[in-house]
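Common to both upcoming complexes is chain A, partnered first by chain B, then by chain C.
So, the complex of A and B:
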């Protein structure tokens, strides 16, 4: 059965169904009861859920629960994919944006710090700071572009009124809005025209399901190929008026020139009609616009200053009124043309009814106000009120993220903007994209110095960090969750003054250690941010991992690099236990290699120094076996005495040493140990036997037979040494 | 995307992590192929992909070569190393090693770069216990040496319908090897932790001929060999790239005195290109073409190195380094085209392939 957690009996954690949370059904197929659930992140946005049943033994004790009918599993791990598969931005594309946005962000932060330093020294202000942010914003905008460039056809088809481009992403639309409102100080003076441009670019994504001017024109364009008498079709006139309301002047003029009266064979009979169409087309193309510049190919007349514009506007309006009242309309025989053209004139005159009928989405209605009703710049407050009104009039249009973003921005409520960004882009792009977006968008918002207070003030309810820092931290965590993006997360954490480094330390110490190249990459980050503690921590973990997997050499290497003396000592301890017990050639080679690895500076690693001496002793002892040279045997004795005198030699090793000494004690040619040396050995043997009697001593395994043979050899040697002396 | 003057870098986003890149040796001078080892994190799959490189005058930037995926071989595990050899019996051979401890040979048709045959070792007896850290293919393409962190050195050769492997050495994890490179038909060099280097001869019992313990790395920094290169005309010298920006040359004639080319030595001297890991190094045949005949045999020829902090540079003994690239992300691997030594392909950390084109005639600049 599907794991329906909503059912009260199956619910592991109680939650109320009223809260609107996304629910994921898990087909775990494990028989109830489940007693433990482990949740962990897997690659990308996969969540691994492990459902574990109680132990079978405990289970069988309960009589009423059935036993092994199919539900034999002790548990199961299920993968859950969070977030619907993204229609607009794939995971790989999202990562590409994440990579690309790092450098501009780091660059901007660097500039900010440099400026802050400068202003501290020379008290110069952040006057043109916004221009730096604008530069940053443009580079991000470039990233948000759809990758494929639009195909350009060489021959311009007069029937193509709408250029077919790749659908722009909503992210880009939102980004551009933010840039318009918060960064570009130049644009604020001609914000209305900016909004008109914005609608022209993004009208196609304003609504997925409902009619927009774009969809209307798109439909007409498909029909155009088959239409014979275009002006008889009501859709032609509807599309014309719609395009005009949102100010797509070039599309309007293009469409008007497709009017049947332009055809050569009809020129004579429809002269008046053609004159009227052309007059309207000319009026449309000479519409005065209050803006900095017009991109090439766009129609209208551009005025930079208000007085110039007002003059031209009055004149233009006068021409429209004149044409509207002219007598030629009576002579125009074609009813549709007459009505359609007059409708266009009414729209240009700012007739609210006509405009409202021709527009669909509230944004379209909104921008038409700037074009035809109140072309002079309004205050934010007025715009906000207007937006509310348009929303009411076009209440059928669903409010989406972009809508709320605009209203929030016009309402000068930055908190609403942030909240809307995070909330409403959710269903569109999946969580990671929003975070990416917001983290960077906050940089834009911060360009507006009025907002700095809100964004950068530390808040008690956020644990003492600012809104900006909160979002950077969350974003960095998301980046850390993916193995490929984890490398870029530190850039964001480094710009979090309060909790950034702390989180960086935690995240770095949780990175996987299976692959040594990845570890080196992490260590590189530690080095850059001077996290020496984490550096040695990571090395220790790596050493442990390598040691456990039998790669003893690299394990020791990492421990040495980490300066982990306690573990190195443990290893040495282990080494002995195996050396003390077995003495075959093979193991000797193995531990000789290990000692080699432990290096010459083992003195620093605590009690490992004796290991080297022990190795030397063992080596010389092996030579003694082959040759019969007394000199080498005497050398062995010296090593043995050194070992036994050294306080670092553990007691564990004494017995094997004494055992080895028997061979030297029984040297045939002459006694190798003098009386004092023999006494030292004897006292060690005595100490060992005494230790065994102590109640809290470590349990030493001293076979009595062996002890006796050592004692005998010692005694014999002592007597020989006396005789010698 | 053009960089300054004579250098042009073109980036090709892959949407997959690029583990390694190699040029494939073509039969005709007009074809250019690149083999890449990629890892897709979305579905945790790995593959070898072979791309063709071509120029199209119609594209937006006619200078930018186009990269087309031509064939693809799915790998059972993530790829740790990729090497290609010259044409061998009508095929180009690519050797691939994986994190699962296996080695595979791919026989690629040199004309249409389809993968004709794939040979791997016996699955029941993995050659390495754990990941294979490096492989190197003999120039003929019939034999390959593989080393691993488990301390094994294996010789792999083409057998009847599968690969035959012979264990040359096994130290049971006492020494981990991280790099390997053939020096001649029978000799090769390996490298590992602590800048340790070994010279092997497969004809000798046990194989090991001589070794170097480079214990000069400081306490806090790691000293791991990542890459070795040996010039065919100077077999006694191995150039080595590793941690902390270290590049040095190990001359078999003066074994205990390595020549530091870049990085910081114990005495604190030495010029440093960067302080981060040098992931791969290779003799820069482009810079050598002019100088190889005139230089004495003791002089180290110029080498190219790529690093974790995104630098691709040409390092020459006694001269300031020439920085070719300074990227925002790590350059994990690169390869100089043996046919057109001016061109370099590199694997960038941010899931893309970069192709760097240097001016062909200005070799004497370096």
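So, the complex of A and C:
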């Protein structure tokens, strides 16, 4: 098997190397052979696969046959989802669970942090921590409940032995088991009875193919409508004994009362028989149970203390023995009734053979021990031995994940439980619910302080993180893969001290930037978790996208938000060159808005301050045109002189400025520029002319006629200024 | 289990997804390129072709997306060794189209591979040539992709003093360090598939700011494997591990390496080969690429591509056996094949 390797000695988590690698056939619809396969983890952990046909093959096909199979098909891209998700849970329900479990998780983490703070400040410990986890566990259990409650009839049908409820999920069953073993400290005291209750609830999912007590009763219930003489049917007695074995007292009593001897027309002729049936029914309904409480309406007698229970138990057993030895059996003419009832008595007396014959699954046999053979609390070690024995007796394989979970928990082997969770309930990413379960289940396991070392110790193998953190990270990755759940992923990552924010950063940096709402959401997450670098990166990508797609103003806005001085400077430089190289008003108008957007603070190196002054000068010049006011014209001159005096004004712009100044130089009323100012302009023109003589200098982009007009205007103004002065 | 996302036209030769997986660039045998865009932002949405244009007269053998903070742009490597960069741009929203930025005409050896580095301040481009040389270019203008300055030109050998013959390389693999940030040291991995062993082994090159030069800081190859031709490389994203994880595919299989900084002061690296995964077992099928990437018959099929997921925990590999294999490490740190996707109709 490719890639199979031996586990190192002293492996922490026992992983079997025998498991075959799952093989999935991809139906891509491309004609074989395949030339190339390309893959991409497109969104978080969804795998996209591109299968490409050989291109030579295309040509050959056409040449050979004249027609090509697949026509113009060169390849296909498919998205692959691996692993079968639980068909009992719909996609919508999965999302409901994913969303619903966030707040209990966050609440629990908050409590943990608060307690950690308190324990640092005072000597208070995490003594009652399990109660918080229990509260959290119950919230999750509620989510795992099947959403549609069965319809209840007001009149109870006596023939309904099994209530038809929606099949519980394996997830819920496993969750409850872990709550029982690792969280609920009260539950541990009453563990045997808790396991009896667990079997009562989940017997229907213990096996898909083999007979269970539930399937046996279900089958009988379907037959009940058509059965005339119920006590003649061996299945009736088999179902009775099976139900009694696992402690379903209500069902047993209900079934017993369906016995033909209860019918009014037969009471007289079958008085003894009826008396025996009723006696057994009474004994069943008064069975003593050592448990915390019994739900209202449930049969049996509840005892909370061992002495009381033992006393009641012995009395009850005495009554059974007495009935078993009674002479009434001789007078019971109906063989099946006689044998069936005595079988029930033997089960209640703890006869191993009868119990074993009446049970099917090892768990059923296992819990029957707590009911009839060893009703007093056993140690974990004893229970583990008993479980192994039952497994052998019922020759069950350990193939069922729930079975391995129970055995692992009874064996007090947290490593096995983790391995089971990873193996049976995952770890394939597609199985969202299952990963959720593992991620959250580790919280339950962590409630047991003995397991903290294993769960929370950092491991080099895992890249320096703990088992708990690893599962949270993998789960968050799954949440990221769907747009509807990606928003809740950060909650889990925030509780990963080592690598959570790292994954969050990568995930956010791979979000598309075409959608404004999505960008805002991402930026909000960045703000919440103080991911400044990624925040800036997302803004830069957005800015670049906008800039390149013709939305330059928006591009500048995003670069400014990102504080991307390098790009803003380059934009300033571009504007600079563009305006400098063209002296038309249209070009300037085109860029004016962008100059405004860029603001005065950015681009000190690129001379953005100059651009602002240039914009003011141009605006002022426009007013001069329309207003013809000498004051305004004088203001333009001041701006012009400032620009030309400023060392940041590039030489590239001198000529356009001089060109613009012609209008001012030729002012009719009086010379606007004095001699000194005119000399400054002349010196600039002279400097530009000198530069033209240097090799590699840029050529002046102004027609000679225009140049001549500048020179003439300068000369005229100078002479007028001299005269005036 | 699988959902069809896109249908590609006849003559496809290569394809590549952009940073968010919402755009797919496709290179064709007739020298044209196409871009397919995802129909919506939701996951699992289908792709449809948004543009197609002619890049060059010869077949495009590889197409690579440029990091997104430099726009929507791709690099196309043609079979004749020409490299050209294209970007989607327009003066306004209606005139957006794919435009040529620059063409690196072939003047000597052919361009085999190109990859772009992640440091955000200056975009760096590494180009590997068929003579075993590698050139590193730096983008001068952050807003346009046409001004590149050659920063370095060296051979993929550790010993730069000795004189080697002139190798003939059929393919090259480059992987930049996925760490982002302006303060990150620039580093990349390079391995060749050539007839001169010294050029083949995967080396980690790092830019030394002090001397302004590129230095080989680690060689990911055991002495007995130095001759092995490198078929593919992948540097795993690091979300907080104290070491880097690198996958190197040769004909022997896929080696997983851990590389870590041994000493901060003298910037010394250590590396350890963690495992050699058996890769893509099976007889190599004849490929139609030119020049042939894997023309030899070996026990192991040629690995075409290695791709890490975003957490760097799962590695996907594709190979000549028509399979996509997924590799993971379990809780004990043991690497194993996690799942196999058969794209070749069940042929092994």
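Simple rule for what comes next: the second predicted complex is superposed on the first by the 503 of 725 C-alpha atoms of A that agree within 3 Å, B and C clash if a C-alpha of one lies under 4 Å from a C-alpha of the other, contacts with A are read in each partner's own complex, and residues count from 1 in each chain.
Here, contacts are C-beta pairs under 8 Å (C-beta built on N, C-alpha and C of every residue); 3 or more make two chains touch, one makes a residue touch a chain.
Note that this is a predicted model, so its numbers are computed, not measured.
Legend: residue contacts after superposition of the two complexes on their common chain; A:29 is shown touching chain C, with no touch to chain B. When the two structures are aligned on the shared chain, A:483 is found in touch with chain B and with chain C. Set against each other, chain B and chain C differ in how many residues of chain A they touch, and the higher count belongs to C.
In the superposition on chain A, contact is made by A:551 with both chain B and chain C.
In the superposition on chain A, contact of A:102 is made with chain B only, not with chain C.
Once the two complexes are laid over each other on the shared chain, residue contacts for A:510 go to chain C alone; chain B is not touched. In the superposed pair of complexes, A:168 makes contact with neither chain B nor chain C. Legend: residue contacts after superposition of the two complexes on their common chain; A:54 is shown touching chain C, with no touch to chain B. Of the two partner chains, chain C is the only one that A:499 touches; chain B does not reach it. Residue contacts after overlaying the shared chain place A:275 against neither chain B nor chain C. Comparing which residues of chain A touch chain B with which touch chain C, the overlap comprises 43-44, 482-484, 515, 549-551.
Looking at the complex, you find that chain A touches chain B at residues 43-44, 90-93, 95-96, 99, 102-103, 149, 482-484, 487, 515-517, 520-521, 523-524, 527, 532, 535, 546, 549-554, 557, 561, 563, 590, 593-594, 597, 599-600. By the touch criterion stated above, chain C contacts chain A in their complex at residues 1-17, 19-22, 24, 28-29, 41-44, 47, 68-72, 87-96, 120-121, 141-143, 180-181, 237-243, 245, 275, 277-281, 285, 287-289, 304-305, 307-314, 316, 318-319, 322, 324-327, 329-347.
Remark: chain A residues 1-8, 11-13, 15, 17, 21-29, 32-58, 71-82, 418-419, 422, 428, 459-465, 467, 470, 473-474, 477, 480-484, 498-499, 501-503, 505-507, 509-515, 518, 533, 537, 540-541, 544-545, 547-551, 566-567, 570-571, 574 touch chain C in the complex.
The touching residues of chain B, counted against chain A in their complex, run 13, 15-17, 41-42, 44, 60, 99, 129-131, 149-151, 171-176, 178, 192-194, 215, 219-220, 222, 224, 243, 275-277, 279, 308-309, 328-330, 349-351.
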